[in-house]
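First chain A sits with chain B, and in the next complex the same chain sits with chain C.
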Partner chain A sequence: MKFQIFVTLLALSLSVSAQDTPADTNLIDTASDTSLVIVAPVTSLIAIDHNYDKGEIIDLRWVPSIDDQLLDGKVLGYNVYRIVNNGEPDLIAELPPSTTSFQDQDCHLDSVYSYYVAALSESFEANSNRTAPISTEREWLNFDRKWLFLIALIVGGSVILFITAARRGTKLFVRKIAGLEAVDDAVGRATEMGRPILFIPGIRDMDDVQTLAGLTILGRISRVIADYDTRIFMPTSRSLVMTAGRETIKAAYTAAGRPDKYSDDMVTYYTDEQFGYVAAVDGVMVREKPATVFLLGAFFAESLILAETGNYIGAIQIAGTARPAQLPFFIAACDFTLIGEELFAASAYLSGEPMQLGSLKGQDVGKAIAMVVIVAGVIAATIGEAWDVPFMHDVVGWLSGVFSTR
Partner chain B sequence: MEAAFEHFRLWLAAFLTLGIFSFLYKDNPWYKLSEAIFVGISAGYWFVVLFWDNFFGKFWVGAGDYTMQWLASVFTGGESPSAEGVDLMLWIGAILGFLMLLRLIPKIGWLSRWPLAFIVGATAGLWLINYIASNVMVQVQATMVPLFSTVFGAGFDAGSGVIIGGLVIFLGTFSGLVYFFFSKAHTGAFGTTARVGVFFLMITFGASFGYTVMSRMSLLIGRIDYLLGDWLGMIK
Partner chain C sequence: MITAIVGITFVVSYFIPHFPFNRMDAWFADWFSIIQACAIVLGALNLLKLSAQKVIGKKKDWGYALVIILSFALITIVGLSEGSDYRDPGTGFDWLYVNMFIPLSATMFSILAFFVASASYRAFRARNFEATLLLIAAFFVMIGRVPVGDVITGFMPEGWRLSDLANWIMDYPQTAGQRAIMIGIGLGVVSTSLRVILGIERAHIGSGE
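Moving on to the complex of A and B:
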């Protein structure tokens, strides 16, 4: 009786093993053929639901075929097969030798997946065991980005604190920004010369934060222009920017008590095409000869063409962008340039409003934290490297982990 | 016929190219004509592209067509259309876009501010995280470099390069941050550090200037190649 149970169990285990390991079947069937270059299959294949995703990724990891770990490795690569809901296997990836992982990014929440990996030689495919069936899960929070959240919270919290302080009457200091000191003078010059002011908001749409910064400064400039009763003209290359520009100037004229002086013709749309827009604006410059040109927003290859034309007609030019590649041209051809962050600080500086000043101060808290961490990190990395102090290596590793954006 | 059209295309392109170049002399009717053609055609082109890509390609295919069919089925009692590939969220964008058009009706034109407010708010929120991640965290992580190298040896070897590179990265980033710190006046040691930051910025801009000018030269060469090669056939 005991012998019969043992035989039955042995037969069962062999049949299960044969079902689960197509690799063995292959090996047994083909091992006798000496023309085949037989390789061992990968081992320890596991499939894991990817952490903190929307439920569309499964991670696969394996130990490569032993024949892939030798100097004269015979493995030419790996094929990854996927079985969805107990259906037929599908080839989903062809990978090079030495690969030990794969990410299946085409999964769905309502399906069950199983995988196997085939090690390939010139004439043989050694299949691994199939993974256990797995389904994906959706996570609502991405804890990989907890430090990003914390830093955003600190900066955001600082902004709120400073805005509250400014509203209570606390004076918030902001250092002088040279280009912005010249705004009133530049508008005054246009008034004295009886010429218009040209405001160019860049060529990006409202989904670019530089355009938003440019329009915020436009609000302040328009207020001064309305006070001085000067003309402003704003050519745009995006319809939404045109609409936002009109709203901004209209609000500024209304705030200055001169809504009757506002006209929709102050802001116009030409074309979305980059150089078509440039051709039109250049034409406006040489025909209208504005006394002052503001170039504030996101600029690309057109920056030098516009700035050089403004320089050619003798306009005083105040430019600002956060695009490093275009800043050199503005610095070369304009009278004042707001470099990167200064463009974003400009509106707060010009308006002096608690909301904007608080925001600027909050950003400074972020910069202060960055400076402290950089100094600490460099000191730790240097000591760690010079004297091989494991603790310092750990500190650098921890800081790198905190500031990793993965 | 095709050859004649090709000739016409070549001559027209050359005529317009030279018209734009004529601006280098001064503003003139030839430039004005080229400019007007460029602006007019490109504005029309972009209207068509945006209409077919966004309104038709995304909204109508993704939600509009399905909604119309569904409404028809409700009113006629027919079979509901298949919802496969339908994304009704696209209606949010369509409604916001429609609100923009209300500017044309002065009495309710104020409704067009809502989509603007939505775009501005969403942009600010999205960019806050992007900026913190890419401009702050990645930069800080990349700047924590050792100012010492264990492969340091005699002469200007790889170790010296590592140390100098580390110093440039650290000093450049730190002094640049000091320059862009707005809560303290640029005086004393703080001001000196900020000036170092300005030096780093200017050196970077100088290098960038040269690099970009060279890429612009290649654009000019492309146009001259067209004029002398494709048009006049002087370059084979």
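Moving on to the complex of A and C:
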């Protein structure tokens, strides 16, 4: 009996080895080919439609090749292939080792996609299984931006609330802005000296909110200029800004009761070209020698050239921009500078209208939120780093997500 | 009303990725480009009109106006005469662009280097505490950004050299200050946009006075 069992087991083991041997031999033969570096494919590859997009993104995730996880340098990277509507595979991305995800951002609503990922060695490409066919969907609401929506609602609501409060007669305190307090003096100086005032609205078009802010200030300043009966000249680098500038100044002169003093020649267009415009405006400055120069709008490399020329001719200069990179130049070269938000507050400030001032107070609610979040974030990040508290890391991650604009 | 509709549409489209809202910004951008293209004719004609008036009336500095008219005529005639390939290398338009326009632009841009020097001289004078602080920070950033900074402090341990100090100033105090300004700008943009959308601010369209 024992002999029969022994023979059976022997036969069984022989048969098993007989089945294994060819594959093992192949593997050894193949592996003994030193030019071929075999790597394992990636596993668990999945394709998911990206949430809350316009229907153009599919997310791919996978577990990297086991040879990549060993970090022995065998895996040189990954190639991502895409099959559209059961067609031929296309290589859509070449990714470095250790990559575990990819976002295909070139999808269309009416197509069906499947993917596979190839792990690459020096001489081998190990393909993963293909994903199930997938098509994209377009959502109605982007819930990734829900926190941003909430914050916008709070800030916007606060602005409207304070405007309403101002309408009812609530007194609102707004801090003094030196640059705007100096507007009357600057215009008065030009009047006394009998020289013109130069208003430069930046080099961007009407679709830039800084240009819009500059023109709203122009409206208020033009009113003062019309009252003082001083000359204003506004060179522009955009035709639409020229048209809007003319309307603004015309309305201000009409409101001041001096429509006859207005002329279309007060506003002119030179060129869209940045340095061509600078050359033209510098020429005007040097020849006309304006007593006052306003530089209010979006400025780039030309900011310092214009401001220094104004400084050279001895003009009193009031500048303002929302481009942080240009602010140091204006601060260095101009008498007064409206820093960032002051540019946007200027029109409301100059108007003195309660409704306009109410909108400025609404901004303060946004600042309060920003301050609270910054302090909370700094505390969480500091505790998280110093004592390695996972919860604090989560708080920092959550705060980053809340203010993400993706 | 138009401003309000367009403004609200833009705000809504930021939160709704579905058609037609996902296309609104592209459509408005296209419309803006069309209006812009039409308006440039207006701008060019205005420039020519004013320049012509100066030349005909022999007003002050009429010579500059003549240069504008001649340059405008030259580049327009050359560009139109070469058809749709006017931008190709070797064309007359390209020659004018490369040999006249680019050097002139580069000349204007180069002036910036001298103005940076004169503005820096004024800005870095130690007139008060803030200006002194600026001067010291600028000194360390400038010397830390050139190789000699690390040569001078080469004996100090890694992380304590002038280049590290310069990087620290740029990465922390400078970035913090700039972000504070950016937050203020963001809120200012929201407030201004709301004033325009609600029709409280209309000075830019020639009303509201």
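Here, the second predicted complex is superposed on the first by the 339 of 406 C-alpha atoms of A that agree within 3 Å, B and C clash if a C-alpha of one lies under 4 Å from a C-alpha of the other, contacts with A are read in each partner's own complex, and residues count from 1 in each chain.
The rule is short, and it goes like this: a contact is a pair of C-beta atoms (placed from the backbone, for glycine too) under 8 Å apart; a residue touches a chain by one contact, two chains touch by 3 or more.
Quick caveat: nothing in here was measured; it's all calculated off a predicted structure.
Peer 1: So, does A:E385 touch the first partner chain B, the second partner chain C, both, or neither?
Peer 2: first
Peer 1: Is A:V375 touching the first partner chain B, the second partner chain C, both, or neither of them?
Peer 2: first
Peer 1: Check whether A:L399 is in contact with chain B, with chain C, with both or with neither, and answer first, second, both or neither.
Peer 2: In the superposed model, A:L399 contacts chain B only, not chain C.
Peer 1: Per the contact definition in the header, classify A:S65: touching chain B only (first), chain C only (second), both, or neither.
Peer 2: neither
Peer 1: In the superposed arrangement, does A:A345 touch chain B (first), chain C (second), both or neither?
Peer 2: A:A345 sits against chain B and chain C alike.
Peer 1: Touching A:T131 in the superposition: chain B (first), chain C (second), both, neither?
Peer 2: A:T131 sits against neither chain B nor chain C.
Peer 1: Given the touch rule stated above, what does A:D272 touch, chain B (first), chain C (second), both, or neither?
Peer 2: It touches chain B and chain C both.
Peer 1: Could you tell me if A:F329 is touching chain B, chain C, both of them or neither one (first, second, both, neither)?
Peer 2: Both partners, chain B and chain C.
Peer 1: In the superposed arrangement, which partner chain does A:L212 touch: chain B (first), chain C (second), both, or neither?
Peer 2: A:L212: touches chain B and chain C.
Peer 1: Check chain A for residues that touch chain B in one structure and chain C in the other, and list them.
Peer 2: Residues common to the chain A contacts of chain C and of chain B are 152, 155-156, 207, 209, 212, 240, 243-244, 247, 269-273, 275-276, 279, 283, 287, 301, 304, 324, 327-329, 331-332, 339-342, 345, 360, 366-367, 370, listed in rising order.
Peer 1: Which of the residues in chain B end up touching chain A in this complex?
Peer 2: Residues in contact with chain A: 20, 23, 26-27, 31-32, 34-35, 38-43, 45-46, 50, 100, 103, 112-113, 116, 119-120, 122-124, 127-129, 131-134, 136-141, 143-150, 166, 170, 173-174, 177-178, 180-186, 201-202, 204-206, 208-209, 212, 216.
Peer 1: For chain A, which residues are in contact with chain B within the complex?
Peer 2: Residues 147-148, 151-152, 155-156, 172-177, 206-209, 212, 240, 243-244, 247, 269-273, 275-277, 279-280, 282-283, 286-287, 301, 304, 324-325, 327-329, 331-332, 339-342, 345, 349, 360-361, 364, 366-368, 370-371, 373-375, 377-378, 380-382, 384-386, 388, 396, 399-400, 403-405.
Peer 1: Using the touch rule from the top, collect the residues of chain A that touch chain C in their complex.
Peer 2: For this pair, the touching residues of chain A are 52-55, 138-142, 145, 149, 152, 155-156, 159-160, 163, 205, 207, 209, 212-213, 215-216, 218-220, 223, 236, 238-240, 242-244, 247-248, 250-252, 254-255, 264-265, 268-276, 278-279, 283, 287, 301, 304-305, 307-308, 322, 324, 327-329, 331-333, 339-345, 347-348, 351, 355-356, 359-360, 362-363, 366-367, 370.
Peer 1: Where on chain C is chain A touching in the complex?
Peer 2: Spelled out, the residues of chain C in touch with chain A are 11, 14-19, 22, 32, 35-36, 39-44, 46-47, 50, 60-61, 64, 104-105, 108-109, 111-112, 115-116, 118-120, 122-123, 178, 181-196, 198, 200-201, 203-209.
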